[in-house]
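These are the structures, in structure tokens.
Both complexes shown next keep chain A, but they swap its partner, so chain B is in the first and chain C is in the second.
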Partner chain A sequence: MSASANAEFRTCPETGLKVHLPAEKLIKVNAVTAVIFLAVGGLFGLLVALTRWPAVHLLPADLFYLALTAHGANVLLFWIIFFEMAVLYFASALLLNSRLATPAWGWVGYWLMLVGAVLANIAVLQGDSTVMFTSYVPMKAAPHFYLGLIVFAVGALIGVFVFFATLVVAKDENTYEGSVPLVTFGAITAAVIAVFTIVSGAIILIPTFLWSIGLIGYIDPLVYKVVWWGMGHSSQQINVSAHVAVWYAIAALVLGAKPLSEKVSRVAFLFYILFLQLASAHHLLAEPGMSEGWKVFNTSYAMYLAVLGSMIHGLTVPGSIEAAQREKGYTHGAFEWLRKAPWGNPAFAGMFLSLVMFGFLGGISGVVMGTEQLNLLMHNTLYVPGHFHGTVVAGTTLAFMAVTYLLVPLIFRRGLVLNKMAQWQPYLFAIGVTGISLFMMGAGTLGVARRHWDMTFSDAVVSVSYPAGAFLMMGLNGVFAVLATLGGIFYIVVVVASILYGPKLGDKAAPKPAPAAAPRPAAIASYGSAGTLKLPGTAILVTVFFVAFVLYYYVNWKYLAALWPMR
Partner chain B sequence: MTDTARSAGAAEPIPFMQRILDNPFILLFLGVSIPAVLYLMWGVMEVASIPVAQ
Partner chain C sequence: MAVTPPTNRVWWNEPVEKMELVWVVIAFLWGLVMFATMIVWHIVGQQNLSTETYRIKPEAYVAKVEAMAEKFKVREEGSTGIPVVKPSAGSDVYLLGRLWDWWPILELEKGQSYRLHLSSADWQHGFSLQPVNLNIQVHPGYDHIITLTPTETGAFGIVCNEFCGIGHHQMTGKIYVVERR
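== the complex of A and B ==
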């Protein structure tokens, strides 16, 4: 390699990884931008929760729907996908010891994403694009709302192709041997799903934009729904793949954990690639225009294979942690490895909480909702946002927050400040999000509609009343939303303060003990399995999960039987 | 495959499944074409086959 090419690299003193400086810049800028959109979207989320809290009922109807639109776009798309770009560049250039292919195109992608996201936000804040995240036709937003989303998607697609090009460069320049590391394989999974997501978005949003400026006369609402959910739900499957990759990355960096079996974990990711996007169909389970065959194949057959992938990861991630801890000598009883895990390290704590909550809250409820018959119990109720706050917020957002505590020293070369606040942050956020998810699902089970400004129906001609328990749950949802917001503020304060005022690490390793200490490069940047299945603690945890899963599944069948009794 | 077995077996043919998993562009093709056919095309054909109201 030439001297000028070498000048573009530094060697990370903590991990020994070769860091391509243009890639590092792109990781930094995408991560920082992501956090800004999280702050904006989180603020709108708080306003939504305070309005749906019956005793507070903060916003008037028009501003409520505006805030709901802004909340959905900023957190479900902009925060997550900017951060995923950082993950893709990290998992390709850094983990493969490679240069990033065409950093200039990476910047083009970044600027397009930023312009698109700002444009969509402007359209929403102007008040004439209050169409919510789904923007179902025939509701019509301002043209620059659709244009903003299209420009954002084009930018993201460029970023994804820079990632694929980097894989080719790394292979050609022999920067790694054999197969890519598992974390990179998880990122490939996310990138594949991203391509399908963005193509689906282009197929439907470009004609919708043309419709908004009058060049097309009609968009069929059901075709719109089918294709839009190819984007809308698949975009959340990018998150699942990315945050599972982040779980493996944190376990490897903090504990040196290797996957139990590389083959099994890769096959689980392959299940995602083949089947996860098909779960988009569960949004259309109540549509009379779609056949039983299409609904049942895409949800109750194909989706279960993707769920199998998630359950494999649910076994192998804690299993790899247990194997690593037992190797260090934590072998007493079934759970010494877990008791003596680094719970004061926000990266580990956030990752493990994300894993547990994604499985118990988002995972189980997702399977229940994806069952056609059971879906009727909660379709378009608050149960749906309860479910996806369990997946996207408790699962993805918390995992991304957790990995930030490693990225700040590794990429920004700054030590963390406000360590106590950092240590508390994942717990505070997790408690808040657990409450949000559970109470919204509870209210939804009692029939409370989603996306509704006034659950008392005070101006309705025909009165409708929910049980008192539903009002209690919406109040508790508001309380826990405040807690989650505090957790979010803690995260932003710690990250911003660390990047601006944290001790500069330069060529030194992070001081130890620090909350995010001692990254271990070998496990994250190489191929290799732990090679043990003597994991009694993980076996017990997985059994508890299965019992909860089966019980909850059949409780819902019981509810359904009570709704439509057999005579 | 363990690390040791992997390095020792460098001359062995790479298993079919591993060749698929090691090729991101095959994965990209599968990950786009399967949902495009089973979800998008099948779904749009379902909508297109709904009789038009008289």
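== the complex of A and C ==
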């Protein structure tokens, strides 16, 4: 490689990897932009929760629906996808020791995403695009709402192709030995699903934009939903792939954990690509017009292999941590490895909480809700946001927050400040999100509608009342939303303060949080072979999970059996 | 480590540890069980959502609802002027979702089956029967027919649980279920 090309690199003092400076800059700018959208979207989320808290009922109806639309777009789309761009560039250029294929196109993608996100926000704040995140036709938003989303998606697609091109460059220039790392493999999974997702989005949003400016006369509401969820549901699968990759990355960087079996973990990622593409069926179970066979088959592909993929990661991630800890000598009983894990390190704590909550809260409820007949019990109730706050907030957002605590020293070359605040942050946020998720699911089980301003129906001509327990649930949801918001504020304060005022690390390695991360390579070389350690702690954890899953699944069938007979 | 290339270049030939294998098999079998449960419920279960659906122009559907309401009206609901309609058991019952109410109010008999039609005059709505907690999506242009058998008497509220604009939270309706005569 020429000298001028080498000038674009620095050597990472922590890992010894070469860091491509233009890639590093793109990672920084995408991550910072993501955090700004998290702050904006999180604030709207607080306003929503305070309005749904019956004793507070903060906003008037029109502003409530506006805030809810803004909350969905800013956190579910803009925060997560900007951060995923940072993850993709990190997992390609940095982990593969390579240059980023074409930083210029990376910037084009970034600016398109930013312009699109700002445009959509303007449309929402102007008040004539209060159509919710899903914008179901024939409800109509202003044309620049759809246009903003389309421009954002084009930008994201460019970023995804810069990622793919970087893989080609790294292979071509032999920057790494053998196969790509597991984390990069997970990022590839996310990127492949992203292409499918963005194409689905284009297929439906472009005609909807043309309809909004009057060039197309009619869009079938059912067709819209089938294709829209080709984007909406698969985009959540991008998140799952990305945050599972982040779990593996944090376990590796903090504890030196090595996958139990490369083969099993990679196949589990592959299941996400192969078995989730037509997942829009999950959102059409309470719909007219689709056959039972279509619903049953497309939500399960006959064997739930995407669920199997997540259940595999649910074993291999804690399993690899247990193995790494046992190698370090934490071998007493079933759980010494877990008790003596670095719980004071916010990256590890956030990652492990994300793993547990994603499985127990988001995972189980998602499978139950995605079961054809059971969906009748919770379709469009608050159970639905209860579920996806368990996946996308407790799972994805918390995992991304956790990895930020590693990115600040590695990429921004700054030490963390406000260490106490950073230590508490994952716990505070996790407790808040657990409450949000559980109490919304509880209210949904009692029938409370989602996206609804007034659960007392005080303005309705025909009165309806929800049980008292539902009001209690919504009050508790408000309290825990305040806790989660505090956790979110802690995160933003720590990250911004560290980037601006953290001690500059220069070319020295960052001080390692105890216990030390360095693994002994010789001792762990035999994972996945007959020499693997026994992992009783992980076996107990997954058994508890499995029993909870089976019990909760059949409890819901029992509820269903009490419903009025219908055919 | 997961952030570095696999130590063993031929990683796909590594044996899989028994514990992982057992878990994969258990999780796979559980997936099959869950798939089978949905199918079994179609055979033995009483709660399966009908898929009987016809395309219909919203105006045509509104006309059908109005015709039924006129034919079977038994009284008005309090001072609201909303008709309470009591169609004969086993017949076709039409319920209209529109901005922003469920119309008309229905009176059904316990233990009788009705062919309940659901459709919308304008946007999408969510039929949410409370406190039964039965939730079905309602589309304009599609007439969805569910054969429903109430099993308890009382007044049941209908909420809209698909966002439908600024009056969404005012959109309610009612079904009375009375003893069979």
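We adopt the following convention: the second predicted complex is superposed on the first by the 540 of 567 C-alpha atoms of A that agree within 3 Å, B and C clash if a C-alpha of one lies under 4 Å from a C-alpha of the other, contacts with A are read in each partner's own complex, and residues count from 1 in each chain.
The criterion applied here is as follows: a residue touches a chain if its C-beta (ideal position, glycine included) is under 8 Å from a C-beta of that chain, and two chains touch if they have at least 3 such contacts.
Everything numeric in this text was worked out from a predicted model, so none of it was measured.
Contacts of A:291 after superposition: both chain B and chain C are touched. Looking at the shared chain after the overlay, A:282 reaches neither chain B nor chain C.
When the two structures are aligned on the shared chain, A:387 is found in touch with neither chain B nor chain C. In the superposed pair of complexes, A:179 makes contact with chain B and with chain C alike.
In the superposition on chain A, A:260 makes contact with chain C only, not with chain B. Of the two partners chain B and chain C, more residues of chain A are touched by C. In the superposition on chain A, contact of A:308 is made with chain C only, not with chain B. In the superposition on chain A, A:71 makes contact with neither chain B nor chain C. Shared-chain residue A:539: touches chain C; no touch with chain B. In the superposition on chain A, contact of A:222 is made with both chain B and chain C. Residues 178-180, 220, 222, 262-263, 284, 289-291, 302, 527-529 of chain A touch chain B in one complex and chain C in the other.
On the side of chain A, the complex with chain B involves touching residues 164, 167, 178-180, 185, 188-189, 191-193, 195-196, 199-200, 203, 220, 222-223, 226-227, 230, 234, 262-263, 266-267, 270, 273-275, 277-278, 280-281, 284, 289-291, 294, 297-298, 302, 527-529, 531.
By the touch rule above, chain C contacts chain A in their complex via residues 1-9, 11-12, 14-17, 19-20, 23-24, 26-28, 30-32, 34-35, 37-39, 41-42, 45-51, 53, 77, 80, 82, 101-102, 105, 118, 122-124, 126, 128, 130-144, 146-151, 157-166, 168-174. In the complex of the two chains, the chain A residues touching chain C come out as 15, 61-62, 65, 95, 130, 132, 136, 138-139, 176-183, 220-222, 248-249, 251-253, 256-264, 284-292, 296, 300, 302-305, 307-308, 311-312, 315-316, 319-320, 367, 371-373, 376-381, 445-447, 449-454, 457, 459-467, 519, 521, 525, 527-530, 532, 534-535, 538-539, 542, 546, 549-550, 553, 557, 560-561, 563-567.
Residues 1-3, 6, 18, 21-22, 24-25, 27-28, 30-32, 34-36, 38-40, 42-44, 46-47, 50 of chain B touch chain A in their complex.
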